[in-house]
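Two complexes follow with chain A in common, the first pairing it with chain B and the second with chain C.
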Partner chain A sequence: MADLNTNLAGIKSPNPFWLASAPPTNSGYQVQRAFEAGWGGAVWKTLGDPILNVSSRFAAVSFNGQRVAGFNNIELITDRPLEVNLKEIYETKKKFPNHAIIASLMVEPKQEKWHEIVKRVEDVGIDGLELNFGCPHGMAERGMGSASGQVPELVEKQTYWTKEAAKTPVIVKLTPNITDITVTAESAVRGGADAVSMINTINSLAGVDINTWNTIPHVGGKGAHGGYCGPAVKPIALNMVAECARNPLINVPISGIGGISNWQDAVEFMLMGATGVQICTAAMHHGFRIVEDMIEGLSNYLDEKGLASVNDLVGKSVARYSDWGELDLNYKIVARINKEVCINCNKCHIACEDTSHQCIDMLQDSNGRPYLRVREDDCVGCNLCSIVCPVDGAIDMVELKSDLPPMTWNERQSAIGLLRQRNTVK
Partner chain B sequence: MSKVARISLQHLERNFEEIEPGLTNRQAIEEANRCLYCYDAPCIQACPTGIDIPTFIKKIASGNLKGSATAIMAANPVGASCARVCPTEELCEGACVLNHSTTPIMIGNLQKYATDWAIKNEQVLFRAGQKNGKSVAVVGSGPSGLSAARELALLGYQVTVFEAEDKAGGLNTYGIVSFRLPQAISFWEVEQVRSLDVEIRTNTRIGKDIPANELLKNYDAVVLAIGMSDVPKVGIEGEDLPCVYDAIEFVKETKKGEISREFIGKRVAVIGAGNTAIDAATCSVRLGAENVKILYRRTIEEMTAYEFEYEFAKQDGVEFHWLTAPNRILADKTGNVAGIECVKMVLSEPGEDGRRRPLKVEGSEFVIDVDVVIRAIGQSRRVQLIEEFGLKHNGGVVTLAGQYFQTSNEKVFACGDVVFGKGQGEAMVVSAAEQGKKVAIEIHRKLASETIATA
Partner chain C sequence: MSDYQEYLAEREQIDLLIGEGYQIEHVTENLSGAFVDFKSKKAGDMKQLHIKTADGRKYFSVILINRNR
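This part shows the complex of A and B:
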C-alpha cells in the first residue's frame, strides 16, 4: 500500500485530505469526529473577533436535478469566543497528536492584531496558520477577508507581520475574486508565506425565487452576495492552482481547494501542483465518512500506478500546462462515430451543424437505417460532438498523423519575424 | 419480444447463458450517483450479511471499483453470486428509502457491476491472516461452508474444505440455474477463498472417503455445512420409470457442460411449486420442451417460490396448475412415461406449519399427457452423515446449542441448510453466507479463549 503521509511546508499529516476552514471545523466535537473518520488534517474555522451571524445562511444550486452542484454561503467567521476555540483546539490536538490542526485567522490589517492572535493560537499547540484573505462577504465590508486579499500590498504586509510572530508554518489563503491570482500569490511569497492555499469562495448569488422575487437565500426579504464553492467551481480552482504552480516566483507548496468531492478530484489537484487538498462542500453534503473512500480510492490508484508515495504525484502535470502560444498548431484530431455504439440521438449533428463546423452528416444506409458520419476533411477537432454525446464509446476523437513537423504559434511568429528581418536586410 | 420466443432449439447452450446483461458503465455511474448515500441506511439493515451498501455504491460513483468490490466481498464471501440470486426486492431494494420517493436503487445490479469488475480484472481482494496454529475442517463448500472458510482463513486458521463433488461451490456451482448464475461466478468466489491458503479437497466425501471421527480427531474444530440431499420420492406409482427425475439432479445436469437434446419437443410436468420447481420448469423450457406444467397441490397463496421467480416462469410459458396433486405416473407399452394421473384438491384447516392442508376431492381424477416428470417437493436430509458425527438432530436438522451454531458436540459447528428447520420456506444463499461468518466468529471465540486459558 502506498504511503499517504504528506508534508506541506513542514505541516505533517497522515494523508493529504484536510477539512477546509468552514462550518465542518467549527468545534472540537466536529474536528474530533472528522479525525476519527480518517481526515488527515483540519483547518479550524476562522478565528478572530467573534462576530454575529444571520439566520438563513446557505443555498445550493441544483443542476438538472443533481443536488449541490454548487454551494453558496453567507456565514461569517467563528461566532464562538476565542477562548472556547483555543481550549477545544488544545484538547483536540492532545487527542490526535498525529493529525494536522491549522488555525485559520482573520483580524484587522494591523501589525499588533496579527502578532497577538498568532501568539495566542500557537500557545495551544497548532501545527500551522492559515491567513484568511479570502472570505468575500460580510468581513470584506469591514476591510478584512477578500477586501485585504484583493490588495497585493496588504497581502504582503499582513503575511510579513504574521511571519514576524509565527513559529509555525504560515499558509496564505487567497481569494479568487481577482483578475490574476498569481499577483497576490507572489505578494504572499514576498511577505514570507511558507505556502499558499486556494481558492476561497467566489462572489455569488445562488438564485432568485421567481415566485416571491426574493433572493436565495434571503434574510427576511433581503439578500447579499455570498461565497460560491462546490463541484461547480472546481475548474476555476484547478486553473488557479496550476497557474501558481507553474509560476517560478511562487516557489512554495500549494494547498488545493475548490470543489474537490472525491479522490479523483484530489489526484487532479495534486498532479497540477497541490501538495495536499482541502475539502468542505462534499463533507457538508454527505458527512465526514466520505474520507474513507477518498483514502482507499487514492491508495488503490497509487498502487495501480506503481507509485510508492502520494508525494510522487505532486506537480506531475504542471509541465504539461502552458500558454496557448506554446501549443502545436499542426496537431490534428478528428471525430469518428462508431455506428455500432451510436444510438442515433443526433445531438452531435445538431451541435455541430448549428454551433460548430457543420461536418456531421445524417445519412441512411441501403436498408434505410439512419446513421451519422463525420466529414473528416471539414472537422476541426473541436470535441463538441463527443462532449454532447450521451453514450460512452460512440464518438472517438482520433489523432491524425500530420505531414508537418510540430509548430507552435510562438515559433510561427518568430519564424515569420526572422523572415521579414531577412527580407528587409536584403 | 418475449423470452419464450428467444429459446433456440438449434443452440440449446445459448438458452443457458446469463439473462441479466449487466449494467453498462454509463448506467452504473448514473445509478450510483442517484443513490442518496443515506446515513445509517435501511438497506444495510435489510441485508442479512450487512453489506455497507451506500459505501460500495459511493465507491462505484468515485471510480474506486476495487474498493467497492472489497466492501461487498468483505461482508459477504459469496457477494458476486448474491448480486444475482438474492430476492433483492424483499431485502435491500425493498428497504431503499427511494421506494417512498421515486424508485429504489438497483442495488443488486450495482453489486453485480462492482464484483464483475473484480472478476474481469482478476483482483485478489483479501490476504490470509497470520497463522495462529489452529486448524479447522469445513465439510461442504456451498455458501455457508465457503463463507466460514473465508472468515476463518482471515482470522489465521489453517482451513481445509472437504467437498464431495468434482467442483467446489455447492449450491452456487450446481444448484442455481446457469442463466441466473453462471458457474464462473461461483468458481471465482471459490478461488478467492482458495487464495487465502485454504485447501479445498474436492471429490472427497466425508463418511465414505474419510470417516467423520478422523476430522474430529485431526482438527481443532469442524464446520458442518453439508446442506441438503436429493429430492425424496413423492410416494406414488411409476416413480421408477425412466424420464422421472429429481429436480436437483436435473438442474445439476444442465450445469455440467454438455446440454442434453433429449428434451426437445417433450411435455414436462414438474411436481411442486418452490424455487427449485421453477428452476426445473424453466430449465425444461430452455432444453426445448414443448410444454411445461407445474403441478401444485395447494394454491398460489401457499407457493414458496419467490414472486419474481413465478413471474419469470410465466414469461417462459410455464403453466401453473393449482390444487392439483399427482396420483400415479402412467407408462405406455414400451415402459416410458405416457402421462400423470392427478386429482383435484381443496384446502382445509391450517396444519402444524400454519399452511392450510390440501384434501383430495374424491372422484376428480384426470390424466395429463406428459413425457417427463420432475419431482421438486423439497430435499431430504443427510441423516447418516449427521449421525456419523454423533450429533443430535431433529429429522436431519442439526440441533444447535443456543443460537451460536454449536452442535451437541462442542467441537462441531453447523450452518446453512443443515440447520435450517422445516416450514421455514427456503433458506437464502445470503443467509447461509451470514451463518458461515457467525460460525467463524464463534469458533474463533472458543478457540482463542482456550488458547488464553492454556497459556
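This part shows the complex of A and C:
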C-alpha cells in the first residue's frame, strides 16, 4: 500500500486531505470528529478579534439536478474568544498528536497585531499558521482578508511581520479575486512564506429570488456579496495552482483548495503542483466520512500506478502546462462517431451545425436507417460534439497524423519577424 | 467551397510557386488574412498570394520556418 504521508513545508500529515478553514473547523468537537473520520489535517476556522455574524449565511447553486454545484457564504471568521479556540486546539492536538493542526489567522495589517496573535497561537502547539488574505466578504470591508490580499505590498509586509514572530511554518492563503494570482503569490514568497495556499472564495451573489426580488441569501430583505466555492470553482482554482506551480519565483509548496470533492480532484491538484489539498464544501455537503472514500480511492490509484508514495504525484503535470503560444498549431484531432453506439439523438449534429463548424452530416444508409458522420477534413477538433453527446463511447476524438511538422505560434511569429528583419536590412 | 477545399487550393498555389523557384519574400497580415509576396530566385519578379484560410496561413509558415532552419 502506498505511503500517503505528506510534508508541506515541514507540516507533517498522515494523508494529504485537510479540512479547510471554514465552518467545519469551527470547534474542537468538529475537528476531533474529523480526525476520527480520517482527515489528515485541519486548518482551524480563522482566529482574530471575535466577530458578529448575521443569520441566513449560506446559499447553494444547483444545476440540472446536481445539488451544491456551487456554494456561497457570507459567514465571517470565528465569533468565539481566542482563549476558547486555543484551549480546544490544545486539547485536540494532545489527543491527535500526529495530525496537522494549522491556525488560520486574520488581524489588522499592523505589525504588533500579527506578532501578538502568532505568539499566542503557537504557545498551544499548532503545527503551522495560515494567513487569511482571501476572505472576500465582511472582513474585507474592514481592510482585512481579500482587501489586504489584493495589495501585493500588504501581502509581503504582513507575511514578513508574521515570519518575524513565527516559529512554525507560515502558509499564505491567497484570494482569487485578483487579475493575476502569481503577483500576490510572489509577494508572499518575498515576505518569507514557507508555503502558499489557494484559492479562497470568489466574490459572488448566489441568485435573486424572482418572486420576492430578494437576494439569495438575504438578511431581512438585504443582501451582500459572498464567497463562492464548491465544484463550480475547481477549474479556476486548478489553473491558479498550476500558474503558481510553473512560476520559478514561487518556489514554495502549494496547498490546493477549490472545489475538491473526491480523490480524483485531489490527484489533479497534486499533479498540477499541490503538495496537499484542503476541502470544505464537499464535507459540508456530505459529512466528514467522505474522507474514507478519498483515502481508499487515492491509495488504490497509487497502487495501480505503481507509485510508492503520494508525493510522487506532486507536480508531474506542471511541465505539460504552458502558454497558448507554445502549443503545436499542426496537432490535429477529429471527431469520429461510432455508429454501433450512437443513439441518433442528433445533439452532436445540432451543436456542430448551430454553434461550431458544420461538419456532422445526417445521412441514411441503404436501408433507410439514419446515421451521423463527421466530415473529418472540415472538423477542427473542437470537442463540442463529444462534450454534448449523452452516450459514453459514441464519439471518439482521434488524433490524425499531420503531414506538417509541429509549429507553435511563437515559432511562426518569430519566423515572420526574421523575414521582416532581413527585408529591413536590405 | 468548404474551408478545407479552399485550403487545398491555396496550398496548391503555394506549392506551385515554390516549385517554380519562388521563395517567400514578405508577409503582411491584416484583417483580410495574409498577403504573401513571393520572389523568384532567378528572374527576380514578384508574385502575391492572398491566403484566407487558417490552414493556409499555417502552411506557408511551415515553409518559412523550414527555410530558416
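One rule holds for everything that comes next: the second predicted complex is superposed on the first by the 422 of 426 C-alpha atoms of A that agree within 3 Å, B and C clash if a C-alpha of one lies under 4 Å from a C-alpha of the other, contacts with A are read in each partner's own complex, and residues count from 1 in each chain.
Rule of thumb we're sticking to: a residue touches a chain if its C-beta (ideal position, glycine included) is under 8 Å from a C-beta of that chain, and two chains touch if they have at least 3 such contacts.
Please read these numbers as outputs of a predicted model, since none were measured by experiment.
Student: Label the relationship between chain B and chain C on chain A in the superposed model as either fit or clash.
Tutor: Aligned on chain A, chain C fits beside chain B.
Student: Could you look at A:391 and tell me whether it touches chain B, chain C, both or neither (first, second, both, neither)?
Tutor: Touch partner of A:391: chain B, not chain C.
Student: By the touch definition at the top of the document, which applies to A:293: first (chain B), second (chain C), both, or neither?
Tutor: First partner only.
Student: For the combined three-chain view, what is the angle at the C-alpha centre of chain A formed with the C-alpha centres of chain B and chain C, to the nearest 10°?
Tutor: If I round to tens, I get 110 degrees.
Student: Regarding the shared-chain residue A:377, is it in contact with chain B (first), chain C (second), both, or neither?
Tutor: In the superposed model, A:377 contacts chain C only, not chain B.
Student: Which partner does A:66 contact after superposing on A: first (chain B), second (chain C), both, neither?
Tutor: The first partner, chain B, only.
Student: What is the contact status of A:330 with respect to chain B (first) and chain C (second): first, second, both, or neither?
Tutor: second
Student: So in the superposed three-chain picture, is A:262 touching just chain B, just chain C, both, or none of them (first/second/both/neither)?
Tutor: After superposing on A, A:262 lies in contact with chain B but is clear of chain C.
Student: Note down the smallest distance between any C-alpha of chain B and any C-alpha of chain C in the overlay, whole angstrom.
Tutor: Taking the overlay as described at the top, chain B lies 35 Å from chain C at its nearest C-alpha.
Student: Once bound in the complex, which stretches of chain B touch chain A?
Tutor: 24-26, 33, 37, 39, 55, 58-59, 61-64, 66-67
Student: Which residues, counting only chain A, touch chain C once they are in their complex?
Tutor: Those residues of chain A that touch chain C are 329-330, 375, 377-378, 404-405, 407, 411-412, 415-416, 418-420, 423.
Student: Which residues of chain C touch chain A once you look at their complex with the stated criterion?
Tutor: 2-4, 24-27, 29, 58-59, 61-62, 64-66, 68
Student: What does chain A use to touch chain B in their complex?
Tutor: 66, 262-264, 286-287, 289-290, 292-294, 296-297, 300-301, 390-392
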